[in-house]
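Letters are used for the chains, namely A, B, C and D, taken in the order the chains are written, and counting of residues starts over at 1 for each.
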Amino acid sequence: MIHATEITIRTFHTDAFGHVNNSRYLELFEEARWRYAEDIGLIELLKQKNLGFIIMDLRLRFRKPVVEGSRVTIKTSLDTLGSASGEVHQQIHAGQGSPAVKGTFHFILIDRDNGKSVPIDGEIRELLDGVKIN
Amino acid sequence: MIHATEITIRTFHTDAFGHVNNSRYLELFEEARWRYAEDIGLIELLKQKNLGFIIMDLRLRFRKPVVEGSRVTIKTSLDTLGSASGEVHQQIHAGQGSPAVKGTFHFILIDRDNGKSVPIDGEIRELLDGVKIN
Amino acid sequence: MIHATEITIRTFHTDAFGHVNNSRYLELFEEARWRYAEDIGLIELLKQKNLGFIIMDLRLRFRKPVVEGSRVTIKTSLDTLGSASGEVHQQIHAGQGSPAVKGTFHFILIDRDNGKSVPIDGEIRELLDGVKIN
Amino acid sequence: MIHATEITIRTFHTDAFGHVNNSRYLELFEEARWRYAEDIGLIELLKQKNLGFIIMDLRLRFRKPVVEGSRVTIKTSLDTLGSASGEVHQQIHAGQGSPAVKGTFHFILIDRDNGKSVPIDGEIRELLDGVKIN
């Protein structure tokens, strides 16, 4: 599935160039990943098991500036799922045409008590396998 | 004592109005309070005792906008010290004349393990009594 | 009217104390004021006239910590409206009972081209008079 | 040259995982690039010509968590310089050993009035050629 989240850009997202500041894109993408996770019931599962996803590697490509007041659509998809890691692709669309910003996020699953990586298996794997797009 | 910290305003501090965004002032003031605490040896003491100061109440007054590239001076003073709380005054100066922003912060001391308020006494009190301006 | 906005607290809102960081409350309150303004048609009016509201003075009172994953309700009301300024009260509710955080914001209206204060009159006044609670 | 900047991690840089939040790394890296630019006299040149560098593409690799109170060293180098773009490499070191976070930033030069890309030539090119490491 490709999940879509809508967010309106506020003054606090922008900087003096008049556009969304680079560091804010990471928060917009994070918000969209959370909403995706909520919509598929992943948050509840993670809380029960005291697990969390953390990002190991990310890439952002800025194609068009996004301005205050824009109503953007953030598309999120799980593209790859390995035994202990995966890759999420995200795009921010502000109006018609090609995306304004593209993001790629490599994640692993950790135990929130000790911060150690754990395998992606059991119920969480089942859930993610069901929404993966490739 | 009145402590002075210098910080240069960057693009990520500003918003599309071309000025420092309101929420960023809280970070600038927090940074200045940390540097003050470091300079008087307070950080070390707090770490040893696993204590931390938290803000209960704050007030900000915005008098002049501050722009990217400004080298601001943040003045910080401990004005009041009660048995379990105190009040810090801060001012951001950008250039000559009156301050651009004024802040007042009411704080209490907490135990970082349980989040509970604890009295300001012993070594921490001695230290703070020595720097208080009134 | 008392406007209500719902927002879910994410990891990027929190700090190492495990709660929402103080500076983030200003963004949460700002987001709620924007949604209020959208819901009553104020954003459109401001854009047509190239006007904007800016905060001159604010006060925050922190009563209870708010943690990641909380679904908070932010209540916003316009309490006072003068010829060139006004006062908005806001409360963040996380669960039952008294608010976790209370905010008071004094604002003025400015011309976005020159940053100068302008009177609150005409259509904007009419709109605000209609939603004011006192 | 490899430029080094020291920054102390504060509470507002961290999140409820107890580490620096991902989006904050972009601000730490941005701060280090600004200080580099100041130290070589680039800021002054950009201001005279009303030019600015913007990031087109970035990559972050997170290797070790960084906690509140850490005094980190951020190393910054200009690795590639084309006719209209370049690449900066950055590393955050928190203590001994390998870096905690690595960043790669592709930038272009723009005219701040119209946001259009301009060639990197003249005095700015001379300055950058002098500090480039490859």
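Simple rule for what comes next: contacts are C-beta pairs under 8 Å (C-beta built on N, C-alpha and C of every residue); 3 or more make two chains touch, one makes a residue touch a chain.
These numbers come from a predicted model, not from an experiment.
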{"item": "Result of counting contacting C-beta pairs for A-B and B-C, higher pair", "value": "B-C"}
{"item": "Centroid comparison with chain A (C-alpha atoms), farthest chain", "value": "B"}
{"item": "Distance from chain C to chain A - Cα centre to Cα centre, in angstrom", "value": "27"}
{"item": "Distance from chain C to chain B - Cα centre to Cα centre, in angstrom", "value": "24"}
{"item": "Chain A-chain B separation of Cα centroids, rounded to whole Å", "value": "34"}
{"item": "Chain B: positions in contact with at least two other chains", "value": "11-12, 17, 22-23, 26-27, 30"}
{"item": "Touching residues (chain side chain A, partner chain C) in the complex", "value": "8, 10-12, 26-27, 30-31, 34, 38, 43, 47, 69"}
{"item": "Touch list for chain D against partner chain C, complex", "value": "11-12, 14-19, 21-23, 67-68"}
{"item": "Of chain B, residues touching chain C in the complex", "value": "17, 22-24, 26-27, 30, 52, 54-62, 65, 112, 115"}
